[in-house]
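Below are two complexes that have chain A in common, paired first with chain B and then with chain C.
Let's look at the complex of A and B:
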């Protein structure tokens, strides 16, 4: 029922710069996807291409089997709320933006939009330019959710939002997702705060898909090994080491992958401590670590 | 609520098991639905569903189609037996090791345990 997204050999170039290289993704509908990546990784470009805002330099993006670019059938099924809630000009009243959305969006839900405006305490009569950054973002969320578009994408919807508003965003997102089972793609840098609502996580790195994985799979992907330096070094030999920290004679190494049972037993007999790695740490190390 | 490390579904499953073990959730008592759980803890419903499936597989809870999920009678007893098996290795041994590091005599540990388990006798 909810259309899936097929991206094949997608390439997007800006002049000589290749923003996206050979992206291939098959994303079943009806899930909440989290799109992670460092600054400049290509998240916004990918979302624009999926929304049909940008013509691929090569390859294709399809929603429900049909191209997204210059395809009116798909344009009305996709809603992308760009960074910081870019839904209109600064002189537009919120009211005007909502009227426009009602005309363009076949699934638009007026009652829901009103409810959300109340919940986010947004003034209908003000112009977009008169709103704070966080309020503009919140208004973007209102438009995205009330669009009831089968594919709704938020590019860093949280920009400028205070903590209670961000929490409200997640609550409303989940409430609507449970009710509609549509597809959401959410790009974010707030990994620890927002990732629990994702079913799958995509990591984009330097214009390529580094990883596409179920959230909980990914959360069990990293292992930290702590103990005396020499023992730790012996143990992690041959494993994919993402990073290490030293504290006096003790060393903690982060390993990517799942340890076999006999490795776990060996670690115990050598007095090494094994522990999980937080998703944010995993992300930092996978995407190049800190200089 | 959840730590940021281990898989969320496992943490949910562990919590529900702890509730069953403590008797907070009784035999045949209904547990929250997947969606309620997801909304309450702000997690993806699929993650919550995975936790529940895990608990169904382990016979901690059972599904009644269209009604919901309930605590399996006997689950508490079974969980107790499983935990008992692991108690000495998981809880007691690390505790004794730490007491040794702290130079707390074994007699003090034993005395404290008697006090906690039978407060009347200590008087």
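Let's look at the complex of A and C:
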């Protein structure tokens, strides 16, 4: 069974700066969470506290009902892979890092790690420092997935990867998720690319939880309206516009909020097409817009 | 589940690395000795001169303790486990390296005797001759332990408090090394701290007390330290 995460009144301070303000979350296990937030929103700090990398200034983080910080029963069940790696020394070759992970992690799956090395085309004998940034990120993903940790978190772990490798990362993550039902948390700025794998979305803003809901529920907070430019402009007049695109005489406008039944009927009468909005547009709007 | 996973990991990697470094170091000393022997007369113990480099190598390696802590945290272990298991590795390493160094002294003594070279030792050494093996072993054990631990404290201070850590830990490390240096003959810069003892029990007792104090400082510095997450440029 995949344990749930309980975060109560979590506060993390760096000197006088409060990075996280009384975060309270109850995250059921066995789901894929997307953690979104602008730069400096507190995503990395939150993940560090959840992984036990950092002691909370106040409040608590529990996994399966037990504290995380300095509790080996839980720290061995958590794996956080960050963009900077930290999985080994830059002089270590990849095989050495995997050997180390095998010795330190009780749930380590060496066979799976070997398979992943093949799939990501990573050279076992090369040192971490000799890898390109994208290869280092891919190796972090290998370590994270092969940890088989019931709670595995990736913090911008895709940085530097090319598009096919990022696709492979998401495919492997989904494949493993289906097979093991472990909990994944993916912190990312690549919202449109990675959101298709999310089940639930968490948005942090200025150190606070702004939103925590199902992806579909979040998507239903906005509507895209497509049709002839003038008709669309008339239809969206007075609504909160998140963004717009134009292709010749056709215009697509993303609006925030759900449409009333009569508005939906009016749109159809005028030949307008209604659809979902991009999560990224919603995210930008919810966190204060572009300015 | 494996018991003592951190110690086992360190013994299977870092321990071997340290032995190889020591072997390489003495191989380089051998080359130097051969070169000098071809060009000039040998009058002093090469191994004993080289010891002053070993101190600084031990200090430099000691500073990596916190980096090792960071890595084991990433792989799911805790600070408490590290603090319980790292000393076992450190102690075993110091014992092994001290034994190897003592063997090198024995080898050098045999070589110098064969060529009839004088084997003069450095001033302030506790051992009176290069064949005083028990004292050589204990003083090197003391030196290695203390310089490794001093490095660990300095590394931990910098890891936790950055530049401010140097201000706090370097003076502490210097005091500890000067005091123990007075007893084991390494880093005995301050005349009034030179104990001039060859009593192994005293050297060991001073070392153990100083090591315990240094470890306590290291323990206090890292027991709840936040893992620094590095970001690539």
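Here is the rule we go by: the second predicted complex is superposed on the first by the 236 of 291 C-alpha atoms of A that agree within 3 Å, B and C clash if a C-alpha of one lies under 4 Å from a C-alpha of the other, contacts with A are read in each partner's own complex, and residues count from 1 in each chain.
The rule we apply is simple: a residue touches a chain if its C-beta (ideal position, glycine included) is under 8 Å from a C-beta of that chain, and two chains touch if they have at least 3 such contacts.
Owing to the predicted nature of the structure, the values given are computational and were not obtained by experimental measurement.
J.: After the match on chain A, would you call chain B and chain C a fit or a clash?
T.: fit
J.: Just to be sure I read the superposition right, which of the two partners does A:247 touch: chain B = first, chain C = second, or both, or neither?
T.: A:247: touches no partner chain.
J.: Once the structures are superposed on A, label A:163 by its partner contacts, choosing first (chain B), second (chain C), both or neither.
T.: After superposition on chain A, A:163 lies in contact with neither partner.
J.: With both structures fitted on chain A, tell me whether chain B or chain C touches more of chain A's residues.
T.: Looking at chain A, the partner in contact with more of its residues is C.
J.: Touch check for A:280: first (chain B), second (chain C), both, or neither?
T.: So A:280 only meets chain B here.
J.: I'd like to know which partner A:82 touches here: chain B for first, chain C for second, both or neither.
T.: The answer is second: A:82 touches chain C but not chain B.
J.: Who does A:44 touch here: chain B (first), chain C (second), both, or neither?
T.: second
J.: When the two structures are overlaid on chain A, which partner does A:136 contact: first (chain B), second (chain C), both, or neither?
T.: Second partner only.
J.: Touch check for A:260: first (chain B), second (chain C), both, or neither?
T.: In the superposed model, A:260 contacts neither chain B nor chain C.
J.: Quick one: minimum Cα-Cα distance, chain B versus chain C, in the superposed arrangement, integer Å.
T.: When the complexes share the chain A frame, the smallest chain B-chain C C-alpha distance is 27 Å.
J.: Spell out the residues on chain A that touch chain C in their complex, using ranges where they run on.
T.: Per the touch definition, chain A meets chain C at residues 44, 48, 52-55, 70-72, 75-80, 82-89, 96, 99-101, 103-106, 133, 136, 147, 149, 155, 159-160.
J.: Can you list the chain A residues touching chain B in their complex?
T.: Answer in residue numbers: 31-32, 167, 170-171, 174-175, 177-178, 192, 196-199, 215-217, 219-220, 275-280.
J.: Help me check something: in the complex, which residues belonging to chain C touch chain A?
T.: Residue list for chain C touching chain A: 1-2, 5-6, 8-9, 12-13, 67, 70-81, 224, 226-227, 229-232.
J.: What residues of chain B sit close enough to touch chain A in their complex?
T.: My answer: residues 2, 4-10, 35, 38-39, 41-47, 50.
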